[in-house]
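In the two assemblies presented below, subunit A is common to both, partnered first by subunit B and then by subunit C.
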Partner chain A sequence: MRFLFKTDYEDDIKLFPHSGYVVSYGILLALLLIAPYALSSYLMSQLVFVCIYAIVGVALLILTGFTGQASLGHAAFLAIGAYTAAYLQTYNVPFPVYFLAAGLLTGIIGAMVGFPALRLTGIYLVIATISFALIVEEILARWESVTNGNEGMRVKTLSLLGVAVPRDSPTFYYLCLAVLVLTIVGTLNLLRSPTGRAFVAIRDSETAARSMGVNVALYKVKSFAISAAITGFAGVLFAHKLSFISPEMFTLQLSIEFIIVILIGGTFSLHGAVLGAIFIVMIDPFLTYLKDDMPGIIAGIAAAFGASTGTAGNIQSSVAAFASLNGLKGAIYGIIIVLFVLFEPLGLYGRWLKIKLFFQLFPLYKRATFKRQKIYVKSERNR
Partner chain B sequence: MLDFVQQLVSGVALGCVYGLIALGFVLVYKATEVVNFAQGDLMMLGGFFAFTFIGMMGLNYWIGFAGAVAAMALFGMLAERVVVRPILGYPQFSIIMATIGLGYFLRSVAGMIWGTDDLKIETPFSQGVLRMGSLVLAYDKLSVIAATMILCTLLWLFFNKTTLGTAMRASSENMLAAYYMGIPVKRVVSVVWAISAAVATCAGVLLAPITFIHSNVGLVLGLKAFPAAVLGGFGSIPGAVVGGVLIGVIESMAGFYLPEGWKDVAPYVVLLTVLLLKPEGLFGLHVRKKV
Partner chain C sequence: MSYFRAENLSLHFGGLKAVDAVSFAVERGEILSIIGPNGAGKSSIFNLISRIYRPTSGRIFFEDQDITEEPPYDIARLGIARTFQNIELFENATVLSNLLVGRHRHSTTQLWQELLFLPSVRANEKVHRRRVEQVIEFLDLEPYRDKLISGLPYGVRKVIELARALCSEPKLILLDEPSSGLNVEETDDMSFWIRDLKNELGVTVLMVEHDMSLVNRVSDRVIALNYGRVLAMGSPAEVQQHPDVVAAYLGA
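Let's look at the complex of A and B:
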């Protein structure tokens, strides 16, 4: 096990605590850079979605994970970013300009949502953000002169410095990857700055933060604005990737998906956003794969255990019938969420940390290290 | 003027629907501080149970109704035991996510079992209207208003006058202290879930002639009942009904007097405004923080 000796504050807030980080993240980045030459075009497309979901995940982590303000309205911010891009495009505004404009506009709207949210906590905040998202959805459907209503808007091919970047090209993937990396590095820097420390202080105890001189209102609004702006950037990429946007894409369902991203990934570290995004985006192709191949595999296993050909055939057809049931995906989704909340509350990244610690401490690892504290008293719960 | 009164009455009827669902939210919240996002889906499931008993097995309406309520009460206890009890006492966020997951699961499974068509239950009050002067009110809506009033009164009495109700309020304040005082907290929570699922079933069965039963009905109505509960101040039983009626009246007035599109948005606009002015809702209690 490696012991890090820290002698001053600068040591404590280093981006890369030791050289191992540089090596492993360097290798990861190299792999991501050669990915377009190794993976199929379908997987590349999924990888772009992973990037976009991860950007939103990071944005949500800033707000929910680090400032402690739950939001079920991030689909609305994504929609505002996407629609700003699509609308400005009709006036032939160049990409860098509308990319920044989308982020700026979403950030301002995020700050405007943040003001009413100042006095709200817990469930009241959740319902307020849901209301905001539903109102935005309705405005997008009704404001036909700008958004083209329910018919949706076409998004033209992205053109960067005069070069067209089709949505399936490796260049588009590199663009998304660059935005993701910049977002993560920027967020890491934000979190080790006084602003980030103030966010975490507010999450842990608002009263304590206030008595230490943190301007709670200011930092909450900042957190909302930053989170919304990042989601707005993701919205521009989202619009280009889909090349067509309409109001029914940005429903409550999508907001819940974003929350699931950070829940499954882990809400206490930026790794969680990326891991959760991979999980959420890849579960779809995985389930399709199961649906197509599982009946054959199960029948094969049954045959190997001595079932007759007829029985194996029956098993295959019944498993296939079960797999093609309508709504099986929703049920699996639900089960996954419940299982994560019950058994892996720290998410995938938490599981990775546990495994790592297990080997580091080898015979001395104990489960209680990661045990959460239960709070049974109402006044302590309502922080 | 007549238009206004007619809109008001149908708004109140609609609002009672929301209030009835919101009652279930409030019950669970009041006793355990758990926000149950799957409440609408419990209602949907109750409707399907009643359809199975009445429509498919051909039982008498009232017997089928009672059967569905009893079955759902058991189901509520089961859901509590499996999903909620292990995470009781953890941050609200975890519990909200768990119940969202439960809702997903119930919706999909109900869709698999009962199909995706709109189902209908024949009820004694499916047909017929009550005429008062030139006012017209359908019996099925009247039945919802009546049931909401009765259930609201019963539950209020239950919470404020009976020993079990007091035990529930005590365990919501401080589970450990309640346990030391001899209250079987786990059983109390289990009973609350049973009651809440039973209330949800009442809503589901009474709504069946109005909204029909399909696997998404819980999500659609739950999204309206939820603001109702918040508007009234989460945790207040009369508040849930008042909030529901307010949302219903606003919705029906906005649909009648304002341009198209406002009908669905107006309740949320009002909700945001109220939360701005009174963050704890109309009847909510202001909770003091312990530092």
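Let's look at the complex of A and C:
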């Protein structure tokens, strides 16, 4: 186990606590850079989605993980970013301009959502953000002169400095990766500055934050604006990746997927956003695989246990019918959230830390190390 | 004029007069304790000063400036820091970042500078950390520097709250029952620190306290409250012998 001896304030501030991190993240970055030459085009496409979901995950972590303001409206922010890009494209605005414009517009709308949210906490805030998302969805469907209504909008191929960047080209992947890395670095910078600490202070005790001179309202709005702006950037990439956008893509289910990203990844660290994004992007092909192959496998097992051909066929068709039920995906997502909240509240990244610590301390690891109890009652009446 | 003063401060919840026309003044560099039975309105006065509650009537002045209408976050900016009776720390953050939040009123960097972590932000961070380190040293918190609050015992948390208030380099500090929940040894430490606050750092202290031995040891003056009204004001000995105070405590 490595002990860090801090001899300078710089040791507290720097992004990588020791050289080991530089090596491991360097290797990771190198692997990600050569990925287009090693992976199949299907996996590359999935990797682009991982990047986009991770960007939204980081955005949501800023708001929910670090500022403590839950949001089920991030699909709407993504939609605003995507539609801004698609709309400006029709006027032949160059990519860098509409990319920044989408972030800016989404950020401003995020701040506007933040204002009414100032007086709401917990479940009420969740309801407010859901209603915001529903309003946006409805506007997208009805404002036909701009959004083309339910028919959706076609997104032209991205062109960067006059060079066309198709959505399945390595360049597009590098672009998404670059945005993700910049987002993560920017967020880490924020978290080690006064603003990031003010966010955490608001999450843990608004009363104390206020009495330490934090303008709680201002910082909540800032948090909403930053989170929305980042999601807006992700929306532009999302639009280009799909090359076609329509209102029914940005539903409540997408917002829930974003919440799953951070809940499953872990809400206390930016690693969580990336791990959760990998999880959510990979679970879809896995569910499809189950849906296609599961009935056959179960029927095979039943046959092996001596079921007649007819019975096995019946089992196969009923499992297949169950697997293609409407809303099954939503139910599975729900079960996943419940199981993670109950049994792995620190998420995948928390699990990784536990495994790491287990080997570092072997054989002295204690299971209670990560147990945190809230022992002392806070003065709720001061809220 | 006095350094800090409250004039006819009242806080009514419906018919209940939690604080009823209380006037007092704090001189620069003194330690003033507020004592009184439970429900006398001691903590309410603190919550009025730090603007968690809005006073029903009355005015508060600090350094000859009327601060009655200031928003809560500006109270800290003026140099008034406080601790809480039931510990309000940022549970899921390290001791260091808790203390750095205490430095918030001194942060001057803009959001865009922080996103890029420009050299100016880095330089500011170092200044903050140097100040925080002085407070850590002053209050003997070195062993807990990088620990999460949620894993620390009560006594240590109490000290960290004092440390966080000190990190803002306050001119006036409000201590809400600094010794509640502490054992005899920890209370002794606390009394030395409160003395040092005044003598070494030159901070003016306004304190709510139940432990009379601590009050006697550190206070220059004492105010006794009951049912939101001032019963007596003066030196610790005078106040304790005041017939109204004796009656309030013993119910005679």
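One rule holds in what follows: the second predicted complex is superposed on the first by the 323 of 383 C-alpha atoms of A that agree within 3 Å, B and C clash if a C-alpha of one lies under 4 Å from a C-alpha of the other, contacts with A are read in each partner's own complex, and residues count from 1 in each chain.
Following the convention adopted for this analysis, a contact is a pair of C-beta atoms (placed from the backbone, for glycine too) under 8 Å apart; a residue touches a chain by one contact, two chains touch by 3 or more.
Quantities reported herein were computed from a predicted structural model and do not represent experimental measurements.
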item	value
Partner chain(s) touched by A:342 [first = subunit B, second = subunit C, both, neither]	first
A:186 touches, of subunit B and subunit C: first, second, both or neither?	second
Partner chain in contact with A:296 - subunit B first, subunit C second, else both or neither	neither
Contacts of A:96 with subunit B and subunit C, given as first, second, both or neither	neither
Contacts of A:213 with subunit B and subunit C, given as first, second, both or neither	second
Contacts of A:120 with subunit B and subunit C, given as first, second, both or neither	first
Which superposed partner A:331 touches (first subunit B, second subunit C, both, neither)	first
First (subunit B), second (subunit C), both or neither touched by A:205	both
Partner touching more residues of subunit A, whether subunit B or subunit C	B
Contacts of A:142 with subunit B and subunit C, given as first, second, both or neither	first
Interface residues of subunit A shared between complexes with subunit B and subunit C	205, 207-208, 211, 372, 374-379, 382
Sites on subunit A touched by subunit C in the complex	9-10, 12-13, 186, 189-190, 192-198, 200-201, 203-205, 207-216, 222, 226, 268, 372-379, 382
In the complex, subunit B residues that touch subunit A	29, 33, 35, 83, 86-98, 100-109, 111-112, 116, 172-177, 215, 223, 226-227, 230, 234, 261, 264-265, 268-269, 271-272, 275-276, 279-281, 287-291
Sites on subunit C touched by subunit A in the complex	47, 50, 52, 71-77, 81-82, 84-93, 96-97, 100-105, 107, 109, 111, 114-117, 121-122, 125-126, 128-130, 148, 150-151, 154, 157, 164, 168
In the complex with subunit B, residue positions of subunit A that touch it	64, 70, 116, 119-124, 126-128, 130-132, 134-135, 138-139, 141-142, 205-208, 211, 252, 256, 259-260, 263, 325-331, 333-338, 341-342, 345, 372, 374-383
